[in-house]
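Quick heads-up: structures coming right below.
The same subunit A turns up in both complexes below, where it pairs with subunit B and then with subunit C.
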Partner chain A sequence: MVTIASRLPEWLRVSTTEARMNIPAFWNPSSGFPSVPNVLEGTQWSETLRPRVSEAPSNHLAVPVSLDHVSSYQALIEVIERIAAYADLPDDWDSYGGVGLTEHARKSAQNFVLELFAENLLNAGDTVDILPVPTGGIQFEWAGIGGEIEVEIDHRGDVHSLIEHADGRYEASSSDTPVPWPAVRDQIRRIVG
Partner chain B sequence: MTEIEDRDWLFRRLHPSCFKKSGALSSATFKVNSSPENEISVDLARLTTPIESVNRAGRLGFQLGKLQALGPRKLGFDVVHGPRRFPANPEDDNEAHTLIKGENTPRLCKELARLVTIVEGVRSE
Partner chain C sequence: MAADVRYIGVQVSIFYHNADVHVFDQDQMTDVVLGKYLPPVLFDGPDGYPVRAMISEHGNSQIIVTSSSISLNASFSPRWQQQSELGRQYVGERVGLLFGIVSGLRATALIYAGTTVETRITSTLDDSDIARAIEDVYGGRFGDRLTDLAVKASEVVDGNDYRNVTVHNFRSFAAGPQAPPQIKLENATASERGVGVSVDYNSRYGYNEGRNAPVTPEDVSRIIDGAFSASAEMSRRVAERLT
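== the complex of A and B ==
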């Protein structure tokens, strides 16, 4: 058994109560994880491989070492670590006055990647690129058979998208109106197939 | 002020985080100076050198991108020379400093990124 709590952000390992609030239904400590993320459907579970939450007071998420090798979990951990790194970027990191990820953007990005993870979009085709935006946001980019999509989470934590369809047409969300999760999920699916 | 010709080359410092896994430059690089200001800093190549321009980062690991002034102009931007001078620290003056000015959008950032080619063999020291 390997505990990966130290590699997860603080909000994922504070308490069972908060974990229930923050972790989507696929991580349900009270029910012993009967539902699993889409990405893990088909996994042959055994009692020793079942992920579980440590007992209070630690309430740390713990997963068996074999689960650490599930590519989607690896992708999730890597992305969360990258978000944390972007939040730590120093002022003027790009030498043009850029700032690191704001707190609003960081929280929004973490929720966004959990949604991606649950929908098996985090490592779809291994094409996702994740980059800091100098104004305090973060950008996710996919390329696929439908073209290319950029999803920007701005410094306020609002989500915007830009699609370049395979035929060269552009489709941009309004800068004033954030794109809700279901809509951006559908946009990503249309691009990556 | 120096008149900038369409064929003039412009330098832009590029942090390692600006690049996608494919090696292509991300549009995020140009998402700077949110509304109402829309000014992107570059250096006019003929008034500096690649190594001088990239070393203005003051840190290791930056690369240098270049694009011709005609490119942003075709996208509707103005490209104007704007030297930066620091009377208190004249060693920081940048006579090559130039601005790509105009209303910017995510789509234009993507188009700008595609105009940039990497100056091979140049990294900040």
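== the complex of A and C ==
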């Protein structure tokens, strides 16, 4: 399948299961909240060596539920950060006149990923590649046992899909007719299994 | 010149008795957080109990709602890390939001609240000198082979609040999030080292001792102030010793 990924600089071609992307210095708007690199702190204990019995000190806040290890939730946060970063892309970010995500595309993408999360389609095991589209949209790509699917949210916020089935057949939605959420959800499910 | 203090993140939590996360009105809550957070998502937490979460548009801030607590978590950008007043203002402006959400949960009673503030002071000193800086703050003596040191002190403030301050040295390594235990973490390769200051300021003492102090937006603001104040004071004392 021909994708736009090959046209992107290497630092944009990362997936949610990889370490957070290394945002270049120019892409660090003062108003934004860029990701921080993953770090491993301390040297004494590995995760598996921590005591199984925890203390319950009476003087601390009882730590609210930690969601650090809820992988789908962490993936959701990373995708939302990615969408925000793409919205902050400077003009001509790709040297070909590309623009960042439009407000319509951003809102639509946020709703789209919330739907993905609710349908358990944002698990770390189901790698999704997320790329900015130079015309102000954003693209999500999955590959699975059923083939590959690209879901593009265009600058108007409309959703389109392109599927390459495992048997080599292509299936593309009409550029004039957006694909509604239930249909695109079912398409993704057929691909990732 | 004192080393730079970075404010990494803040958490503001309110605890209550047995709220029902399922009665949460999705549309109402979406309206409450509109413009600041995306609509809530519902999922099972690691303990199997339901969790509602709202994520800010940049992903740096989240509101987590469970049957026993609501928490605002915020991590700060590099620019905000240098200006604690921005972080203080940010969480302060969202206190009303937390109470607005709690009001829709039919919580039977708000029981206590608290704020944690995390700061970091990085240093080019070696591990033992960094640990000595902590030692110096507390006037302790832990021997000549000291490489790591963590000190936690808790105080009761005004007969109602706990002020917990933990000071520890840290080393960070640019390893992946799931680094296996076999990976070598050679001291010299640490990407960053320094001292972390964690402040946990909360009104749990009053609750524990049956004082039944109210938990109001004003109380939560007071607690946030207490946490930031304690964090600034301890971070300054450490930073002065990490020149």
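Basically, the second predicted complex is superposed on the first by the 126 of 193 C-alpha atoms of A that agree within 3 Å, B and C clash if a C-alpha of one lies under 4 Å from a C-alpha of the other, contacts with A are read in each partner's own complex, and residues count from 1 in each chain.
Here, contacts are C-beta pairs under 8 Å (C-beta built on N, C-alpha and C of every residue); 3 or more make two chains touch, one makes a residue touch a chain.
Fair warning: this is a prediction, and the values are worked out from it, not measured in the lab.
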{"item": "Partner chain(s) touched by A:114 [first = subunit B, second = subunit C, both, neither]", "value": "second"}
{"item": "First, second, both or neither for A:76, with subunit B first and subunit C second", "value": "second"}
{"item": "Touched partner set for A:133, first subunit B, second subunit C, both or neither", "value": "first"}
{"item": "Partner chain(s) touched by A:169 [first = subunit B, second = subunit C, both, neither]", "value": "neither"}
{"item": "First (subunit B), second (subunit C), both or neither touched by A:141", "value": "first"}
{"item": "Touched partner set for A:96, first subunit B, second subunit C, both or neither", "value": "first"}
{"item": "Residue contacts with subunit A in the superposition, subunit B compared against subunit C", "value": "C"}
{"item": "Complex contact set, residues of subunit A against subunit C", "value": "19, 28, 30, 32-34, 36-44, 46-49, 58-62, 64-67, 69-70, 72-73, 76-78, 80-81, 84, 110, 114, 117-118"}
{"item": "Subunit A-touching residues of subunit C, taken from the complex the two chains share", "value": "11, 13, 15, 38-39, 41-43, 45-47, 49, 51, 53, 55, 57-62, 64, 66, 68-69, 71, 75-79, 114, 116, 148, 154, 162, 164, 170-177, 179, 181, 185, 187, 191-192, 200, 202, 204-205, 208"}
{"item": "Subunit B contact footprint on subunit A (complex, rising order)", "value": "86, 89, 93-98, 129, 131-135, 137, 139, 141, 150, 152, 160, 162, 164, 170, 172"}
{"item": "Residue ranges of subunit B touching subunit A (in the complex, touch as defined)", "value": "13, 15, 17-18, 20-22, 26-29, 31-34, 41, 56-59, 62, 105-107, 110"}
